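Two complexes are shown next, each including chain A; its partner changes from chain B in the first to chain C in the second.
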Partner chain A sequence: MSAALDGGPVLQVRGLTVRAERRTLLDRIDLDFPARSLTAVIGASGCGKTTFVRTLNRMVELTPGLTVSGSIRYHGQDIYDRGVDPVLVRRRIGMVFQRPTVFPMSVFENAAFGLRVAHEPEAEIDRSVTDALARAGLWDEVKDELDRPALALSGGQQQRLCIARALAVHPSVLLLDEPTSALDPIATQRVETTMRHLKEELVLILVTHNVGQAARVSDRVAFLSAGRLIEQGPTAEMLERPRDPLTQQFVSGRFA
Partner chain B sequence: MATALGPAPGTGADALRRGTTARLRWRTGFDRWVGYLLPLLFLVALVPIAYLVYFVSAKALPGLSWAVLTSSADYQIHDALGVPIVTTFLFMLLATAIAVAIGVLGGVAAAEFLPERSAGWMRMSANMLVGMPSVIIGYFGYFAFVLYFHWGLSFLAGVVTLAFFMSPYVFRTVDLAFSSIPRPIREAAFGSGARPVQYLLRVGTPIAFPQILTGVFLAMAIGVGETAPIVLTVEPGLLVPTGAFQPAVFTTYLIWTGFNQPPGDVAYTLAFQAAFLVIVVVLALNVVVRVVAARYRQRLEGLYQ
Partner chain C sequence: MTEPPDPATGTGPEPVPPPAAAPPARRGWLRSLGRAVPYLPAAAPAAIVVAVAITLLLASGFHNFGWDFFGLKFNSDQGVWGVGVLIVGSFLTAVPALVLSMLLGLGIAIASTTYLPRALARVLDPTVDLLAGIPSVVYGIWAFVAVAPWFGRVLNPWLASHLAFVPGFAANSISPSSEGVGLPIAIFVLTLMALPITTLLIRDALRSVPRDLWESGLALGATRWEVVRRVALRHGRRGVWSAAFLGFGRAIGETVAVAMVIGAVDKLPSNAYDSTWTMAAFMFQELDAAFGSSRYLELLAELGLVLLAITFAVNLIGRRLVAHLYAEEVAGL
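And then the complex of A and B:
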């Protein structure tokens, strides 16, 4: 039986430790991500929050020299088990990066990329791309220019296109690594609206250094400092009544 | 308060004016003179090239005609470049194909698949090959292909030796082109569930292509002017080769054998006409490179923002 069907967490992180040659980047992290939720991972620059989300779909393996230990269970299956294909993991657990990373091809082909590399049939691609562009809140803006080069879109549109590209393969989890850090306030607002819609259907994990953003969109907050999970809980509780002095400092410093 | 005392010294409007201390005067003066000196040095560098083009054209152009370029008569007796031109074209076609195959496979392996240590060894070897005098590559071809493989002084031995000479140039640009794709783009492809080969074919190649094409054209421009790898491995032939083990004549062979013959001799005339052709081809290849690169750069604009 899958853990999620029992109401258990979709992703369950236990004792997650990441080491570089000399330093420990993440130190024994335990964290659960329930279905249909948006968890914001906050912390200062260099605290390990980007490394953390990169372990959740094995992207961390693209950086040579890091060793991962502990376990990350997706519906109960440890994604680091031998015999688990990292490519298939990434098709279930999608990712959006700090800066828009569109490929030099048309808007449509960008959104279809994940489906093409998974060899989905043509009819399915058409349907999923349209659906993904709509869910990313981009369809109305690009429906008449699907054949235009994606690089001609604005930065905010490019970022929503990247979200659509990740959504098109129907992932159950979407990792967002500071997706609005390169965007202006209006584009940021649009992406935040998109995130609020998406958390109704899938697990969103948002890395941000912006406490305000965490307050606006997240259900739960996890605070990292120097590679350790200091505190986690429902957003309101975490931002208004943090128990740990480190959390208090970080949260109030940003609100002051 | 600042309003009462005026701005602190060195922070008011005078901070924007040119310095007047001796040190600053010297610095601004130096900047200005460097600005004059560099264009001058550029002109000095142009002089030998301009002179070379003038010197070669002056001797080559008067006798050069369409008839000369297309005549397949015996170049030892007549002013006829047809056979060398067609043969050189065949040489370049085959050598480029081999060099591209070796260079692209090696470059992709170094940039994407091999561990950093082995890739480093490949890069060092390629750099050494690029710095190697061509005559040494020629000797290598002679000992390896002509003698050891018993190919004799033949078209094939020349083609393969020339390909060896050209491949490190292709390797280096392919390696650099794929290594310099922005990391986020590469990670986005993997993050979307692409396998390495899918990333390379669907995302990497469209981005790296202009640079790769530039490398191939530059390798061709360097190869077409080479002499030593050919004269050491191929017996000069009077006809266009129709088989791998036949003799064949490369255009630069005419330059190498003819330039020190008495003026008025057919060989002397041919040497300058052949040199002129090589210069034109190298120039044309360089122009094509620039045009192609500029067109693709436009298409990729915004990728590296």
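And then the complex of A and C:
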């Protein structure tokens, strides 16, 4: 259902530019995201990587005063075309935030949220929730306490619940905005394991400032600096033999 | 307790050196009092409530009235004082007013936090504070001279013809001489007066919802309305309940404005448009009549005690509920 129809990229970004009143936050980004891959978007704080993923599901429109130009094609369809409903875009392109953002309701209802607002039938909700919790690597830990409040889970479990919640609506792209920045090393490891499993079926786009994490989980790396895409390529190549001096500085930890 | 050595003479019973940091011994009660000083301001509100309750109780002569006090028979000429009529009147005005002001408050708060452009919200938000600043007597006189006649001519007949199927609302029950004074206009005034507190508290509750929680809802393909309904109101539900309980306290205690439009008759309303009386308005309006009758003053004092008890109980229930909601949220109790 979610695989690319023609073997081309699932998401194709061309000339993407985001401007605030006086500043240019993203400057003519061109980037492709192939099916079944995990691309790490790396860069220093403030380089525009969070803004970048927020353009990919039109979350950027929630910030007043930003203008987006260029194109983002999802299976060939520009998601910024007039007549494209952002609500539907977000059902196909899911998102997980920096800190766990579980809702004040039960574990089950959290995972079911996206299905309920899409008016899925009850039987379908049960099935999709179970499936999503399993894919997020959380099912074994919560299967006996689905009715407990999600806020009673540990931080790492909450973050995997957020991943499950995004998976439950069957997106074909999942955006992860520094999903482990609020987690301890063990919880981080679990989320990374989950990401490695998920990239077998989805397009994952991971924002991280952690080069080690990019090395552990990603297939491809894109390096942003000051709103520009400096360099991109397969992970091993990018991290071991970067061509651009800026990339070299960043991946070797000598970035100013 | 061992006796400390006298530092002046050095002649203790046994020259045991005191612990290095021990302060010089003072009289115990003085020291306790000194330690209590910082706590005293915190205890002041509790002390005031207790003092008000006790002195009102002393002034009321509870035994004189007994349980007939709460009865529905009321005739001050015959000395039959069952204030149940007033209690019923207070609830008949406060509860509908609370429901209406909660609905309006929800509407205003949701609109301002969710839908309005930020610049417009910044202009409109403070206007709620302006409402809160209008003296109640202004609401009262405005309602009496400008709104009540319209209620009598237009709104009450309209309600009577459209809600005739609801008991008490039928068309034949409007008394034409009422000038619009009675329950509907009193509820209207109370709704406006409770509105600032309900709106402000609900708005704060919605504002306290973290931005990334909103965005998470939207990122799952929910509309703004669905995020408000399923996530934000749930996240802020303690604030919403606080708004309800504080709004109720406001509505049941409001005096002057209600006194001006309730009709002030000591009987149960016979229909939804009838005049009646409330506890607060009665105490205020009967104070003159009560001079010279110690028994009547005792009755007013006891009525004050009843109103105090009701607001206190509502407050207590509200606090318990809010605390319970919190426990449920994080621990699933």
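Here is the rule we go by: the second predicted complex is superposed on the first by the 250 of 256 C-alpha atoms of A that agree within 3 Å, B and C clash if a C-alpha of one lies under 4 Å from a C-alpha of the other, contacts with A are read in each partner's own complex, and residues count from 1 in each chain.
FYI, a contact is a pair of C-beta atoms (placed from the backbone, for glycine too) under 8 Å apart; a residue touches a chain by one contact, two chains touch by 3 or more.
This structure is a prediction, so every number in the text was calculated from the model and none was measured.
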Chain B and chain C placed together on chain A: clash or fit? clash
Point to revise | chain B versus chain C as contact partner of A:A236, first or second or both or neither | key: neither
Report for A:A166: first if it touches chain B alone, second if chain C alone, otherwise both or neither.
both
| field | First (chain B), second (chain C), both or neither touched by A:P149 | value | both
With the two complexes superposed on chain A, say which partner A:N57 touches: chain B (first), chain C (second), both, or neither. both
- [ ] Could you tell me if A:V87 is touching chain B, chain C, both of them or neither one (first, second, both, neither)?
- [x] both
Which partner chains sit in contact with A:A20 here, chain B, chain C, both or neither? Use first/second/both/neither. neither
For A:F113 in the superposed arrangement: first (chain B), second (chain C), both or neither? both
Dual-contact residues of chain A, meaning touching chain B and chain C, are 57, 59, 62, 64, 87-88, 90-91, 94-95, 97-99, 101, 103-105, 113-114, 116-118, 149, 151-152, 162, 165-166, 169
As the complex stands, chain A meets chain C at residues 57, 59, 62, 64, 87-88, 90-91, 94-95, 97-99, 101, 103-106, 113-114, 116-118, 147-149, 151-152, 162, 165-166, 169
In the complex, the residues of chain A that touch chain B are 57, 59, 62, 64, 87-88, 90-91, 94-95, 97-99, 101, 103-105, 113-114, 116-118, 149, 151-152, 155, 162, 165-166, 169
Interface with chain A, chain B side, in the complex: residues 116, 182, 184-195, 198, 202-203, 206-207, 299-303, 305
Per the touch rule, the chain C residues reaching chain A in their complex are 117-118, 210, 212-213, 215-223, 226, 230-231, 234-235, 328-332
